[in-house]
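Listed after this line are the structures, all set down as structure tokens.
Each of the next two complexes has chain A plus one more chain, namely chain B in the first and chain C in the second.
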Partner chain A sequence: MIQLTNVTYSYPRAETPALHDLSLQIPAGQFCAVIGANGAGKSTLCATLAGFVPHFYRGKLSGTAKVAGIDIAGSSLAELAGTVGLVFSNPFNQITGARFTVREEVAFGLENMGVPPAEMAPRIDEMLRFARLSEQADQSPYALSGGQQQRLAIASVLVMRPKVLVLDEPTSQLDPIGSREVFSVLRDLAATDEATVFLAEQKLEWVAAFADRVLVLHQGRLVADGPPAEILASPTLSQYGLEPTRYTQAARAALGAGFRPQHPDLPVTLEQAVEFFR
Partner chain B sequence: MNLDVEEVSFTYPGGVEALRDVSLTIAAGEAVAIIGENGAGKTTLVKHLNGLLKPTHGRVTIGDWDTREHSVARMAARVGFVFQNPDDQIVEQTVGDEVAFGPRRLGRAAPDALADATAALEQVELAAESKTHPYDLTTPQRKLVTLASVLAMHTPVVIFDEPTMGQDARGVALIGRIIETLKAEQRTVIIITHDIDFCATHFERVVAMANGRVLADGPAGRVLARADLLATTNVEPPQLIRLAQALGLAAAPLSVDEFIRAWTRRNEPDRRA
Partner chain C sequence: MSSTPFSLYIPRDSGMHRLHPLTKLALVGFALILGLFLPGDWLTYLAFVLVILPLAAWAGILPRFLPAVLKTALPIVVSLFLVQGLFWPGGTPIFHLGPLSLKQEGVTFAIRSAGRFIMVISSFLLLTFTTRPDGLMLALSRHGVPNSIAYVMLATLQIVPRFQAKANTILDAQRSRGLETEGNLFIRLRALFPLIQPLLLGSIVDIEERAIALEVRAFGRAGPKTSLLMLHDTPAQRVVRWLLLLASLAIIGWRVYLGLAA
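Let's turn to the complex of A and B:
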């Protein structure tokens, strides 16, 4: 569903590439997370998959990047919009400013896609419920709290049911259970609707618990790619400016103190940690 | 100086009741984390502590100052405030001027303000960027600039609204070190955070809020272990407490060391058996 072949990208006037020779394939229905220190290229990769690189940011893109068989560089943002949805980390960048109410904001994308009004209403209601914004449906998007705006931004993209959903730190402003809810919805979306979900995230606990696959970016290069249990427990993680979950840290401390567990694999989630320490 | 919030209620113009009868005393030198769901009233509460908002009912005093009787500019000498969004705060053309702006507003002579700014920029590891335009930095770096601006003012009270948001592991560790330094200097540190693991690591007292009210207020190990109560405000206990609870340990460990101690204690009888 996502196919990158030798993709290198430099922002205008940048001396070094933000993405360096990336090649990867992500099938339909996979929930893939990209992690890395700030400046590693996570946001740039998200922007590339949605076509903002190179169509909005310009700069120099080489190699081939395709989503759902569509060549990103060879298509316009409008052509890509029906296939790829992008959720920004800052909801202020997402809200159109062209609509007066939360309900109209969610409707915006559907109107642009030409969805008949009779079909729109139930889809919008469903999304407002999912985003826990039904009570705010008639308020201005700007009257919402930061967390509510972030849920609105996600709902406005999800309502279009894109084949590929790209999210750049979508829970940065959400409370913990709000974040968990968003992650579980994304996992269901990938598992049941065969959507490809690609997300950049700092909070490794969520990545460990929900993603099928983890990519590690470091200085624009792909340095690790595999299942969460393997990638997040790797001793190389700290070299890339990442801190393992407390579960992994506690397990390492226990091993250091001489503990010999029944299951030797280092845990990355709560469930695995319970097995490890049992 | 103590911070006193006495039976404070606050209603925004337009009718949203954001605080309902909140009472809270924070003693000089305390480190307090305020947690709770989006919209719980956390930011509204801390904006009362520097006089940005005045209570609709009740009273807020910072030392001997009632916030209703002092301007925000004056309050800035006592309470430093780092906003959630750095772009709400930045006014100057270079990072160095931005950080010196606060101490200059407090009336410090230019060379002293510059020295304060330089020291604060070193603390946030951005000394090399003092001539840079703030908007040429990334958002997480700009947040560190606003943090330095507040550090440079040497206020007895500092408030950070979501300081770790958008920071990577290195940035989170840096902010953790800054908070530990402020605590060692006996300054009062108050943060709002959704990062419960960060909260457990650095804060001795936790205030949980929901619907404009204080839901719980006490030692971190006690408040953060109350999973059912925290769930009502969309918060989960930190990872190590959840693990301890899942393993049936009685302890509420706030660090890896505390967890290992509690877990070892439980295992000892098994080994002897």
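Let's turn to the complex of A and C:
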């Protein structure tokens, strides 16, 4: 579904590339998370998958990037909209500002795609239920909390039925409750197996909980790629400016203090930690 | 924040509200033409009473409409009478007030200008009170106004409160670091400069992100668009719109003819 071959990209006037010789294949239905320190290239990678690199930010892209069979460099943002959905950090700036209610806000993308109104209503209702915003359907998008606005942004993009959903640190500007609301929607999405999701995220506990696969970016290079249990428990994580999950840290501390678990695998989720310390 | 923070729209279930946005635009445009082009000093007031007020009453918004018109128009109307009445060059004095005198010509001019001003203000308020901005923009974009222009007009309505909130946040942040923002005019003006840069830079970032969000939602896509919002139009309304347009043109023509004849 996502296919990157030797992708290198530099922002205009930048001396070093933001992405460096990246090759990557993500099959349909996979929930893939990318982690990395600030400036590692996560956002740039997200922007590339959604076509904003190079079509919005300009700059120099080499190698080939394909999403759902569409060559990113050879297409336009208008063509990619609806195929790739992008959600980013600031919930407020993702509200179009041209619609009165939450329901109409979700409709915006469908209207632009020319979906007949009779077909819109059920799709919107279904999406509002999924994002748990049915009760807010007739409120102003600006009356919502940050967590609700971010779920609205996700619903507004998902309702267009994109082949790939790209989320660039969707909870970095939310409070813990708002973050949990957003992650619970993402967890449902991960459970369906239909959606191909690409999530850039700093909160490793959540990544561990539902990603099928974790990528580590460091200075624009892909330095690790594998299942969450393996990647997140790896001792090399700190070299890339990342802090292991608190479960892994607790387990390491316990091992250091002489604790001998029945299963030696370091835990990265709460459930695994319970198993580890049993 | 209210549920409709970016609009003066007053929801009512009235015949006026149910009219197609373009019909309302035509009605209000006609009222505007009456206000600006009717000859004489008092005809515009008559138009206000015979056209604007009945429409506002039909819409069921009179209790909010009248105070709004009054509040908006009063400062200008009062200053018109003071400035034009007292400082009209030459002119016939009606009575003296110390060194000042009220001039006949100034008062006449003020009456005429105030009438026009009230017509402009009240027709604009009537439209915004009874018309959802998104409905109006939808109607306009279906009649050839580019989507991007319709969007900018809609979004601007609510960027203003957003801009104010942002400015207040920045001011608070700077005040908490000891910047003086209160006091005489000079101090207030000086406090503006450190505000402008972060406000502008922040807004540019906002605009960039907003542009990305719009692209993600297929805003730039060519081809026909649909709308969840339904606009109801009738053949009768179409006829009325044409008649209003013709009547407006007739009034303008009549005025131009009067002007040329005179």
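Quick notes on this one:
We adopt the following convention: the second predicted complex is superposed on the first by the 257 of 278 C-alpha atoms of A that agree within 3 Å, B and C clash if a C-alpha of one lies under 4 Å from a C-alpha of the other, contacts with A are read in each partner's own complex, and residues count from 1 in each chain.
In the analysis below, a contact is a pair of C-beta atoms (placed from the backbone, for glycine too) under 8 Å apart; a residue touches a chain by one contact, two chains touch by 3 or more.
None of these values were measured; they are calculated from a predicted model.
Look at A:198: by the touch rule set out above, it reaches neither chain B nor chain C. Shared-chain residue A:273: touches chain B; no touch with chain C. Judged by the touch definition given at the top, the superposed model places A:176 against chain B, while chain C stays out of reach.
Using the contact criterion defined above for the overlaid structures, shared-chain residue A:206 touches neither chain B nor chain C, since it reaches no partner. When the two structures are aligned on the shared chain, A:245 is found in touch with chain B, with no touch to chain C. Once the two complexes are laid over each other on the shared chain, residue contacts for A:31 go to neither chain B nor chain C. Of the two partner chains placed by the overlay, neither chain B nor chain C lies in contact with A:9. Taken together, the two structures place residues 90, 143 of chain A in contact with chain B in one case and with chain C in the other.
Across the complex, chain A meets chain B through its residues 36-39, 89-90, 143, 145-148, 169, 172-180, 202, 205, 241-243, 245-247, 249-250, 253-254, 257, 270, 273-274, 277-278. Across the complex, chain A is touched by residues 1-7, 132, 134, 137, 151, 154-155, 158-159, 206, 209-230 of chain C.
Of all residues in chain B, only 14, 36-39, 84, 138-140, 162, 165-173, 194, 196-197, 231, 233-236, 238-240, 242-243, 246-247, 256-257, 259-260, 263-264 touch chain A in the complex they form. Interface of chain A with chain C (complex): residues 50, 52, 56, 76-78, 81-82, 85-86, 88, 90, 93-100, 103-104, 107-117, 120-121, 124, 139-140, 142-143, 153, 156-157, 160.
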